[in-house]
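The following block contains the structure, expressed as structure tokens.
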Amino acid sequence: MHTRTMYFQDYEIGTGRESFGRTITETDFVVHAGHTGDFFPHHMDAEFCKAQEFGQRIAHGTMVFAIGVGLTAHEINPVAFSYGYERLRFVRPVHIGDTIRSRTTIVRKEDDPRRLDRGRVFEKLEVLNQHDQVVLAAEHIYLVEKKEQQ
Amino acid sequence: MHTRTMYFQDYEIGTGRESFGRTITETDFVVHAGHTGDFFPHHMDAEFCKAQEFGQRIAHGTMVFAIGVGLTAHEINPVAFSYGYERLRFVRPVHIGDTIRSRTTIVRKEDDPRRLDRGRVFEKLEVLNQHDQVVLAAEHIYLVEKKEQQ
Amino acid sequence: MHTRTMYFQDYEIGTGRESFGRTITETDFVVHAGHTGDFFPHHMDAEFCKAQEFGQRIAHGTMVFAIGVGLTAHEINPVAFSYGYERLRFVRPVHIGDTIRSRTTIVRKEDDPRRLDRGRVFEKLEVLNQHDQVVLAAEHIYLVEKKEQQ
Amino acid sequence: MHTRTMYFQDYEIGTGRESFGRTITETDFVVHAGHTGDFFPHHMDAEFCKAQEFGQRIAHGTMVFAIGVGLTAHEINPVAFSYGYERLRFVRPVHIGDTIRSRTTIVRKEDDPRRLDRGRVFEKLEVLNQHDQVVLAAEHIYLVEKKEQQ
Amino acid sequence: MHTRTMYFQDYEIGTGRESFGRTITETDFVVHAGHTGDFFPHHMDAEFCKAQEFGQRIAHGTMVFAIGVGLTAHEINPVAFSYGYERLRFVRPVHIGDTIRSRTTIVRKEDDPRRLDRGRVFEKLEVLNQHDQVVLAAEHIYLVEKKEQQ
Amino acid sequence: MHTRTMYFQDYEIGTGRESFGRTITETDFVVHAGHTGDFFPHHMDAEFCKAQEFGQRIAHGTMVFAIGVGLTAHEINPVAFSYGYERLRFVRPVHIGDTIRSRTTIVRKEDDPRRLDRGRVFEKLEVLNQHDQVVLAAEHIYLVEKKEQQ
């Protein structure tokens, strides 16, 4: 974790980064259920899941999202602010023992409709499993200050 | 938590629900940092935060989202599947000691472009604090089976 | 979780409910030991347990009780108060990987010896495993307000 | 934690022990809710509690019981088995910041109705707060082997 | 856990103690990573570890140390203070499922160079696995009050 | 977290790094006690601590060490291995609400007595509080491969 100041002009379309991997454990399932209060049997009841489509417990979508985002938390940009996410999609299930990693790519930039001194940077987030399959995708929107033009 | 089968046709625009409240504690901050690996000083360093805009630690956006969604996890609909989210926005900061609750409203329904036997149901999610201010908003998309027409 | 007001007169002997299931994980063992400070080798030392009667780690009785009770926490009755438990029995061991669920049944009602305006409702709690065997039993005593008679 | 073999004959009525203290924290509330799935607002919603009898969050009864029992987990007796509890009572509320400790006293012994080679030992458990008030009481029943008589 | 007052003079070289065992679980790995913020793939990424020397995840050294020390926390000596550690060595890796225990031995005593009324007691700590192999070693230094000489 | 290969020759005496800060919370105290099993009243009993030297709970030494080390876990060097620590000292108490950060400095290098192809690098670790006081100090020993000389 370190600080790097990047203005709107500094972001280049197509650049990106891939995180280290992290094995999703049964512990993560239990922690996320307890943290959020969502004890749905799809996540917590191995017997129930035997009769379901995937035959085993599936990770909470919010957990894959939160850990996937957390894997990218490496750099603090003091002139960027997280505005929100678009197109968050749960593409494939994540099971106990899967290893996920996150890939981010700058895909689009646009002026902010309300403020001249900043713009919007769109960063694609893809969470991948150990088979290189996308399990979750989303688009992260940052509000980023513009460097003053001289 | 209970099971209730609701087909596409059963969802009515404008209906909704409000959850119980939950006070967001320093513990939740620490648990979420440890769960996701995001130890950014904005969430974890009270000294650093004194010099920032809000003067105190602010909750991870992914935590407000995950707990906000968890507060709505009351009913299992076996014919509905979570497809994803749109327009996820971090509207206001959540601080240690704030009490949040979730309000959901069915706002839109449309046919699925790819499958005749199901449709998309859009549920607005608003997470509110103890001052009735929206702190997070999103639109949850469900894929829901259609009741067979006779 | 929702609110439903039920007076003493509203409880009917023989009615009850069965919860969703929850798989008890090694994580739950570790969390409960850390939460309570009870690190007895019967719960925490797989090597020690190989030489014991059951050949594997057994769940803390207080954990099966706390989770078993938690599985029934679905409905808030504002006119009922938990008074205590009788006949709490650890009937069979729970091991890592077992899936438990809770069944509650109203079994008895009696006037409160000290206050005319409320009575005692006895609810039998049975925690069952995936083989439908009772692993824990207890009787929960509620103090419940009486509806005013006209 | 150590091992000490005590047969039925070795228990003396009136003997007992008092544990170290432990301050019950907001963390314990959050951990217990997450561990058991019981997120009732009485334990988790500080705003809701302001309008209730005690004006603040109250600890889960199952947590006071589990931690109270855990505080006594100091000695392994290989010839004693926990059979269950009687008269578990939630006497006073426990709030965030209270410091509890446990006092145990051997109060009764009786032959086991079904097996000649063991008896029942009844140990009173009292959980006290920092004002020396009993907050929880129960009677723990042990099945203990008898020393062979010569 | 109990209190026992032991002055500098009371410690005898060669005396010691061996703790109960504790199985190190995947949960402990996840808890320690989340507690410390160290998510290095050597501890957290099972796929990465397949290609490494040991073929599987290895415990954080700080975790083996912290749990190893914790296993010895049985007795409070009000006249002894922990001063620090020397020669902390990570001798062998600890993997998920290993069962560790701690052995402590008083190995040396010396006067405190700065204060006449206390001395230094050196206690060797060895953490062993289920194969009786030392996995971690260290020397714990206590500052201990001297009994007044008459 | 990223990978950077640094051989023995690449380390320069006097270079170093300072981490971000992290506020030590009551949650960390409770998590560490539960993780290690050390529930000594010095860490867990606020009432007991009122009568002690510092008047309040003090952090486990092993926690300050583990978190202090964790704060430095930013860079993976594939040719360096952690050998152990010397001179670990608990210099000042850490209390709930203190904010700590870690400073590391390369202080010494020497050949490995047993293997020609690697050397020992000594890195000083200092954990500082919000008043810039050292609370913990230690010397971390790395075994680092030597670049082949041509």
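Chains: A, B, C, D, E and F, in written order; residue numbering restarts at 1 for each.
Note that a residue touches a chain if its C-beta (ideal position, glycine included) is under 8 Å from a C-beta of that chain, and two chains touch if they have at least 3 such contacts.
Owing to the predicted nature of the structure, the values given are computational and were not obtained by experimental measurement.
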Which chains, if any, touch chain C and chain D both? A, B, E, F
Going by C-alpha centroids, which chain is farthest from chain C? Tell me that one. F
Between the Cα centroids of chain A and chain E the separation in whole angstrom comes to 38
Where the CA atoms of chain E average out and where those of chain F average out, how many Å apart are those spots? 16
Could you put a whole-Å number on the gap between the CA centroids of chain A and chain D? 44
Two or more other chains touching the same residue: where does that happen in chain B? 1, 20, 22, 26-28, 31, 34-35, 37, 39, 41
Chain F to chain C touching residues, read off their complex: 31, 33-35, 37, 39
Touching chain C in the complex: which residues of chain B? 1-2, 20, 74
Using the touch definition from the top, list the residues of chain D that touch chain C in their complex. 1, 22, 28, 31-32, 35-41, 60-63, 65-67, 69-71, 73, 76, 82-90
Residue numbers of chain F touching chain D in their complex, please. 26-27, 29-31, 39, 41, 44-48, 57
For the complex, give me every residue of chain E touching chain C. 20-23, 25-28, 31, 97, 99, 130
